[in-house]
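Look at the two complexes coming up: chain A is in both, with chain B in one and chain C in the other.
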Partner chain A sequence: MFSYYCRLAINSIFRSKVHSALTILTIALGIAACTITLTLVTSMSANPIAHKSAQLFRVQLDNWDPNQAAVAPNLPPEFVTWTDANNIVQAKQAKRQSASAITWGMVNPAKQGLTPFLAVMRVTSKDFFPMFDVPFIYGAGWDESAEHNNDYVVVLSKETNQRVFNGANSVGQTLTMLGATFTVVGVLDDWHLSPKFYDMSYGAFSEPEEMYLPLGLKAEFELPHGGITSCWKAVESERYDAFLNSECINFQLWVELGDPNQMSKFSLFLTNYVEQQKSLGRFPRPINNRLFNVEQWLEYKQVVKQDVQVMFWLSLMFLLVCLINAASLLSAKLHTKHSEIGLRRALGANFGQIIMQYSLEIVLIGFCGGILGIFLAVVGLHGVAALYAGYGHLVDLNITIAIGVIALAVLGTIVAGLVPVYTACRPVPAMQIKQ
Partner chain B sequence: MLAMNNIGKVFTTDVVQTHALKDFSLKVNEGDFLAVTGTSGSGKTTFLNVAGLLETFDSGEYTLDGQDIQGLTDRQRSQLRNEKIGFIFQSFNLIPDLNLFDNVDVPLRYRGFNAAQRKERILSSLERVGLGKRLKHFPAQLSGGQQQRVAIARALAGSPRFLLADEPTGNLDTEMAKSVMALLQEINQSGTTIIMVTHDESLAQQTQRQIVVRDGRVCDSGASSTSPQADSVQRV
Partner chain C sequence: MNVFLNVGPIFRALTRHRFSAVLVVFQIGITMAIITNGLAITWDRFTHIERHTGIDEQYTFFLTSSGFTQDFNPRATIESDLRLIRATDGVIDAVQTNSFPLSDSGNWYELQTSTDKDAALIPAASYKFDEHGINTFALTLVAGENFSEQDTLWLNEADSKWPSHVLLSKATATALYGESDWQSAVGKTIYVNQNTPIVVKGIVEQLHAPWVEWQHVENSIISPARVTHNSARYVIRTKANRLDDLMQSLSATLAKENTQRVIRKIKSIQQAKNEIYAADIATVSILLVVIVVLAFVTAMGVAGLASFNINKRRQQIGIRRALGASERQILQHFMLENALLCAVGAALGVLLTLVLNIFLVSQYALTPLPIVYLPLGIFTIFAISQLAVIKPAVRAMSVSPAMATRSI
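== the complex of A and B ==
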């Protein structure tokens, strides 16, 4: 009987093409809107480094104004000073530690036809790469000695390597930048963290930097302070090192801790460190150190903005409205089938068989709606990517969402169609035949 | 055998109750060709619907082929209807989207016959009504008389014990009506019990028995005037 019902369902869909197309389109629109927002919300709220999420900690120290908290009501600033960043990285009390900041500088490539360009750079510690599982296509990060000696070494993003070295293995090649000659030690593979949890200064979904340099070179080349810079008291002079030695914050500080025991040890170390700094006249506020793991940090930063979540709920409402519309279209269609339903009952079909026959038609319509909805969603997501540069990596529809959405379409259509089907099948056959 | 004893059927709306059948009693023997006549609203069609298990009844007893109908589930009623009863309607009630083959196939699908059995029955019943060569035609491509013949073929395909016909010639011209009536008589002679609701006195007289329904009751019952038992019409 199943194949018979399938044949009847397909016949019925094709016999009323316009009606079926309208119902399918209604479902598809709801599914597409829901899929687009679901994809965006899922991508935005995903933990990009879930397997290490509990071992990576953002370090916050409260060096702020004694009369006013950095963040109300009593939270420490999100960044640390140059002094604290260097002190804590050099103390090596965690399994790994990295301080970093965004900066920029001129690059003068030797490649013919390529004019000098301004590159966005990150000055950081060598541990940055293994801590965040940064993938390399060639080479690796710099070593302890390069970091200690402030060697002129650089790690390039894949895109920059493509631009400057045509994508070839450039490890060992030199590159003129910041007025000096740097040696390429590594080239990153595709790396699009979303959200870019380690530094959300330019937005949680901004692209990674084009180049990575040892932290110490920031002072040597007096590189500009990118990202967020904030000071609670005036810098003593205009000199570059005056800023570095001030209480101005600009550096992201992350540590990797091996186990919970190490976390308590590291917390104690931070407490002792702040006590020591207090004795030097810094840290006028009570000790207020914070360690957030990645999950906690994403939550603290409210990466998925409330309006995106509202948009998601609105799209669900839209889907509901579409399903109600689909139900009313199905109801109208089934209304014209009363006589046939009555006839089939008269010829021996029981209630269950009639329900099965029309439910199968509804399932097919829901399935078609789901498939078309996914197609529309893919088009919509490409539209989002075209409209908002930098969001391209967020708009890939994953297979789980696609399957889930088709299931949702079928389930939603069954739920929406069940009432019309039940209503159409319920009257006694004699009445339906009369209709 | 079909036996109804004191059957009552009431249709209730918010404002009015209509007693469509009141103490309706009737016995139809195997092989009978019974005509049910009466004025509009007398309860003929309600009787036919109750007899065909398309409608439930509120009181009384009804046995069909020895089986008590009261208390049967929807599934049991549907099965009984499928196996023992064939329907012929005034407006033919063919499914316009299906060709003749598929229209006749409908009751056989619910009966659970395999493809070969179905094909054999469909071809044989369509041959019987003279439409064996028009299997792929759709109802709209046929005349009214031909459509009614398809409906008869559909009713016969499952070899039912009872054929219930509601004004089977009501939508046909005289010539077509005659040919359909002749077909019904032939079917009856081959052993199928037929109950036919009609307004047409001349058609009713061509059957073996005739009952007159008035106000939901059987008020006249006996052999039809042109049948051999014409002198045995009794007032009840």
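== the complex of A and C ==
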């Protein structure tokens, strides 16, 4: 019986081709719009390190101007100074800790027979790699003694290793850069967290850096200050170490804390640290330390662009318009079927069977609309990807959303078809045959 | 005969098909809410992107020269590079600068009219370039005069010296001396970072800060300095239509001229602008596509409903024609029926537009909808739905009076 209804439904869809195509297209457009914005919203609000989100904390200290908060109304700055970055990392009061900043410098791989290029680098602490679960293909991060002695060691990204060493295992090889000779200790696998929560100073979806060096080398090579630098007090002189010793902020400070107990111990340590710095004449504002975990940090930074959220709401309304449109089209179509329905009722089909048959037709239309919608969305997302160039993997459609929207399409069409189907099937058979 | 006399019967006819009428009314209302709010956001973004920065954005490009050898001489390189670039055919002028509008990187200082503790601090983005800057950026000097060659200082990174004269943007002068007195800034001494005195030599009409979203984007200060760095940024303005070929040929020439450095980040101001505003440009494009597609869907819906109604009433139309109604009257009937639906839809639309706008404004940092968008939205929705109904109505018009005698 079911297959008979299926055949009837398909026949009916094909009988009025233009009408069915219009209905399917209408549903597909609405579904595509929703899928595109939903994909943008979900990938922007993704938590790229969900399994550790509650253990990783962004450290914020308030070393700012006594007369003006760093972030209105009364929030501490988002970055820390060179002094605080080093003090807190060296104190080792958390399970793991890392301070980092973006910088750049010339790499001169003459030995490898390549022309010099300018590389974007991250100076950071050794804990950076285990903390953020950074994957390696060769080697590993540097060790305690390399960090302590400011050894000239470097970790390369996969692309950089491809570019300089042709993708071979380069651990132990040397590379001329910043006018010195560095030893490669590790090569990363593909690693692009999105949003790049640990450092969003060049945007939440910016590319990861090309190489990683120990933090201490920043001072030794007087590397430029990448990312965001901001000062509330004029720097005493233009000398490089004057900047490092100033109240200028530039460093991203993160700690990993295993359990709540460790967290309370660490925040006590921070309080004591600021107290001690106050006695040295720093930190003129009241104590205002903040520990945000990854989730809270992403929320605070409003990573999901407001425009995208607005577009999401508009696309939901768009879908509503499309479903209403589909409902009108279905209602118009079923109106022409009155005599057919009457005939079938008169021949013995009961009310439920008729409803069943037309519902099946509607489900089929909704399903086709959903599939076509996904297809349109994939095309649309390519267009959107071109518009959001530089936003990386923002626009990959995920399978949950795809299945979800197909279900939504079917459900929406059923809702849209409910009243038309009911009205079409309700009247008494005799009246309809008479028409 | 007054067409509006038909309103009563048409309205009563509509109430006989409540379900489809209600659907169309809602469709029109929601469509209007989306289109009106979407247009407002689009226009808002568009005007934001198209703000003037004060410079010639069309025919200007920039590049960076980064020295990497031990014996690289930054100052000699800058001098010979600038000589070469300025002498190149098709180049209007060029400077070496620390920053430029739309570059998104740079620094700012706080300016005061006196060293008093309570004198207001005016933030201003800092630009450092020589006397060719005015010509390179196509700035308009509105008071005072440009630097002379003697004013320009060579500084190295560790130098905190300030030149004796600076130029200000008009907005900065206004912030310091007030709306009516901005011209009086010329010749006056102002203070940088609460201690360094400098004299204002001139005022330029407009020069944006490097960061487009900065709240003081109009404020900038130009000091006649060339900072030597291993990396130097050059900004180059070309004659009309020479931009693309000079971007290529000049960077190749510079790279050949001195092999102790690399030439990188070659981009036009227009490209930089597109990158900076990528998200806004994406919003505008997506919204425009949504508006067009939505207009299309709704037009289809309206047309579909109208032709369905017409098909159902072919016999009635025939009877009216047989009783003496002209073709025009039939056309008017359906146009008027559509206008009636549309009027109810638009009334609902005004309500929904406002509700949606209040919701968006309360949730997101959007500006409330300017009132002119309501009539604009109503007009748009009427235009869409009347255009959509023309074709089915013309078909209705051609129903022959003989139809009255046939049964379906």
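Please note the rule applied: the second predicted complex is superposed on the first by the 428 of 435 C-alpha atoms of A that agree within 3 Å, B and C clash if a C-alpha of one lies under 4 Å from a C-alpha of the other, contacts with A are read in each partner's own complex, and residues count from 1 in each chain.
What we mean here is this: contacts are C-beta pairs under 8 Å (C-beta built on N, C-alpha and C of every residue); 3 or more make two chains touch, one makes a residue touch a chain.
Computed from a predicted model, the values in this text were never measured in an experiment.
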item	value
First, second, both or neither for A:Leu343, with chain B first and chain C second	first
First (chain B), second (chain C), both or neither touched by A:Leu213	neither
Partner chain(s) touched by A:Gln353 [first = chain B, second = chain C, both, neither]	first
Touched partner set for A:Leu314, first chain B, second chain C, both or neither	second
More chain A residues in contact - chain B or chain C	C
Chain B versus chain C as contact partner of A:Met1, first or second or both or neither	first
Which of chain B and chain C A:Met44 touches, first, second, both or neither	neither
Footprint of chain B on chain A - complex, ascending	1, 4, 11-12, 15, 339-340, 343-353, 428-430, 433
Chain C - residues contacting chain A, complex	19-20, 23-24, 26-27, 30-31, 33-34, 37-38, 41, 66, 68, 70, 157-160, 193-194, 262, 264, 275, 278-283, 285-287, 290, 293-294, 297-298, 300-301, 304-305, 308, 312, 356, 359-360, 363-366, 408
Interface residues, chain A side, partner chain C - complex	22, 26, 29-30, 33, 36, 106, 108, 115-118, 179, 234, 237-240, 305-307, 309-311, 313-315, 317-318, 320-322, 324-325, 327-329, 331-332, 335, 384, 387-391, 419-420, 423, 435
For the chain B and chain A complex, residues of the former touching the latter	49, 52, 54-56, 74-75, 78-79, 81-83, 87, 89, 93, 95, 97-98, 106-107, 109-111, 154, 158
